[in-house]
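What follows is subunit A paired twice: with subunit B in the first complex and subunit C in the second.
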Partner chain A sequence: MAIVKQRQASPISQDERRHIRDLTGLIEQLSDPNPIARRWAARDMANYPDSVSALAGQLDRETNGTVREAILTTLMLIGNTDAVSALVRCLRSEDAALRNDAIEVMKNMPDAVSMIIRDLLRDPDPDVRIFAVNILESLRHPDVQKWLIEVISNDKDINVCSTAVDLLAEVGTEDALSALEALKGRFSEEPYIAFSVDVALKRIKDNG
Partner chain B sequence: MADNSITYEDFVKFREFFYRKTGIYFEDSKRYFVDKRILERIEATNTGNFRGYFNLLRFQASGDELQHLINAMTVNETYFFREEYQFNCLVNSILPYITKTKTPGSLIRIWSIPSSSGEEPYSIAIYLTEYWTGLKDWDVEIIASDIDTNILKKAKEGRYSPRSVQYLSEGILKKYFKPLPDGDYQISDDFRQAVEFTHVNLFNLTDTKPYRHFDVIFCRNLLIYFDDQSRRQAAEVFFDALRPGGFICLGHSESMSRISSLFKVRKFPEAIVYQKPEEL
Partner chain C sequence: MSKKRVLVIDDSATVRMYHRSVLEAAGYEVSEAINGIEALEKALAVQEPFDLYIVDINMPKMDGYSFLRQLRQQPIPQVPAIVVSTESKTHDKAQAYEAGANFYLVKPIRPDDLVAYVCLLIGQGGHQ
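Our next item is the complex of A and B:
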């Protein structure tokens, strides 16, 4: 036996899939009993921005993690407002893994997320507001600090504010100092806020 | 006469375009590197200025100029037996694991991407020949791919500078390389004929779809050039290219766990690698 060339039954010049790759065919294959076919369908749907509602519907039903990951990646690549809305829905899911995956994907969509982040940061559900702050953690967008300052200036929930303070400790600049000081006053009965704000202030000043 | 000014806005416009086509993102700190190569291509294509050149890049039906530019922008610095511990892992842990679960006589497939000028795929071939006793019982196919068509030509030629082969023992150099009059070395024809070189853009769905049924993928020091979104896309490609239970080896500073949850971490004595689950 040896190192050989091209003994493979299906050479690499061929696409071995047999199903039709138009949108109708792909939507059909997204419900295929075989998870491999569902993954391939989800990946190919990146070429079809109109496929978002089918992908979002499958995301609700999908139990296979690898198919779910392909759907999330495709929503990220499509990246339009419908795709972001589908991901926002995941933030309200009871499934923690799905929520975390959606957060990770949204971190990679700075332009699309910037359009809806203020709505998320004002969501009635404080958990969703915390997830929104989590998205900001790695979002490459120049307004991240501005949004965080808005959170610590206005949000009434201590957990949302402390999540934002932790992030400001990492990414904040001198522009955040006065809002951080003011937050201590808003939650003067909460020693944890005073502690985390002091840590953030020190880090920002040290880095400045 | 070419207009040799590229504004920051031009750079940003070009950066977004190149990123969408290749997944490679140039930070501001790479501006000199990028500008220099664009100016060379403006000169070579006689397009006169950035605007003319950018139009050619965007609208040329053949895509030839984009390929020229990709060739100019990609980094191809490597050498034989780089990160050798992973080749040790291949022959002492990964292949013994794979051969336990495969039907005897079936083919073992290895994908090296990016192949650059061939040092990695040829290193794999040498390592298997020298250090894997299983080669007497199994056939192995090595596919080596790169986005840069010039570097693929170089890889097929198999000519290397003394610097490229500096970590090879005298014995291996003598056995598998021919010294050339100009001081370079050429790898033996047996290896040149054994490794299949192909052109692939990881971000072109049509390009990557046929890449299936690999047992092992080597993708080292490529993902460091990508942003998170492109890394995630690359992980999807690799996942579908592997057989269930197949392995992917990344560079020492890269981690699949930070990119995707598709793979399991496998700690072998020689290296940490990533495995596609046996069952989806």
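Our next item is the complex of A and C:
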């Protein structure tokens, strides 16, 4: 049986967009009890870069998946420093679904993310560093391999390194070979690192 | 009797390969899914149910907690699940157990440990 993402069954009422569409009105509707009104408000706030703090605040409270999706998309469309900061904050959430949604959104923001990725890759929390590597997965940016090589050369956390190795297996070139070999030596007691590095080396050599 | 069947759910192809190689060497039959949605589809579609799920947490489309919560509501035989994650914080473990996990293991997991936990939950692999 196919699992279909839950959607609102009821049609979108014109009433939901009847209210004033200026920023003050939209902020008010963002906390409307009706999720359809909240979703429309979130969507229409894409025209207002100053709406980021209201969107971020609602994100903390929002329980409806489609509204949350609309908020994240609007943050992506706004794409300014505040919007990126709001998305980074999601990476620290205890809610795995929110973290993953934020990662997916940030993959589509190469310019904005490239400005902060080095900070994320050096974050004190290894989970955040892993999520940063996850963001690199589909980030269309010419420095992705360089950042991954820096991770496997310097990061002390085995899971951060292994996540980077997994990605290098897909996007790496011969420039990554020596860093991969060195990583294997650095974690010589860890069977998973040996396994994943061997997979990456083989794939890179096969593709080269 | 056929081999015990394990479904490995992880968005990393390398992790899936690693778990497959370890578990197949120990005599288990291994299937793979790349996220919670695909795993649920496989769990509901198979005629012979899996004996065990090995689940990652952070996956696109459907994370491991959501997968376990939805799985535990399905009218199918409920079998054990091991969550294997990079995250080691207390709230991660609590969420996993709340969602229906039997064990929470932190990556990277050594081959002997993985086989030991699987064996503890579903018995040895191989033909019976």
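Here is the rule we go by: the second predicted complex is superposed on the first by the 192 of 208 C-alpha atoms of A that agree within 3 Å, B and C clash if a C-alpha of one lies under 4 Å from a C-alpha of the other, contacts with A are read in each partner's own complex, and residues count from 1 in each chain.
Keep this in mind: a contact is a pair of C-beta atoms (placed from the backbone, for glycine too) under 8 Å apart; a residue touches a chain by one contact, two chains touch by 3 or more.
Keep in mind that what you see is a predicted model, and the values were worked out from it rather than measured.
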(message) Per the contact definition in the header, classify A:Asn108: touching subunit B only (first), subunit C only (second), both, or neither.
(response) first
(message) Looking only at contacts as defined up top, I'd like to know whether subunit B or subunit C touches more of subunit A.
(response) B
(request) Check whether A:Asp206 is in contact with subunit B, with subunit C, with both or with neither, and answer first, second, both or neither. (result) neither
(request) Go through the superposed model and pick first if A:Ile36 touches only subunit B, second if only subunit C, both, or neither. (result) first
(request) Would you sort A:Thr66 into first (subunit B), second (subunit C), both or neither based on which partner it touches? (result) first
(request) Classify the contacts of A:Tyr192 with the two partner chains as first (subunit B alone), second (subunit C alone), both, or neither. (result) second
(message) By the touch definition at the top of the document, which applies to A:Asn47: first (subunit B), second (subunit C), both, or neither?
(response) first
(message) If we overlay the two complexes on their shared chain A, which of subunit B and subunit C does A:Met76 touch? Say first, second, both or neither.
(response) first
(request) Share the list of subunit A residues that count as touching for subunit B in one structure and for subunit C in the other. (result) 1-3
(message) Give the list of subunit C residues in touch with subunit A in this complex.
(response) 12-15, 17-18, 21, 37, 40-41, 44-45, 57-60, 62-66, 70, 86-87, 89, 91-92, 95, 107-111
(message) Per the contact definition, I'd like the list of subunit A residues that touch subunit B in the complex.
(response) 1-8, 10-17, 35-36, 39-40, 43-44, 46-47, 64-67, 69-70, 73, 76-77, 101, 105, 107-109, 138
(message) Looking at the complex, which residues from subunit A come into contact with subunit C?
(response) 1-3, 94, 96-97, 99-100, 103-104, 126-127, 130-131, 134, 158-159, 162-163, 165-166, 169, 190-193, 195-196, 199-200
(request) Quick one: which bits of subunit B touch subunit A in the complex? Just the residue numbers, please. (result) 107, 109, 125, 128-129, 135-143, 191, 193-196, 198, 205-206, 209-213, 227-229, 232-233, 236, 239-240, 260-262, 277, 280
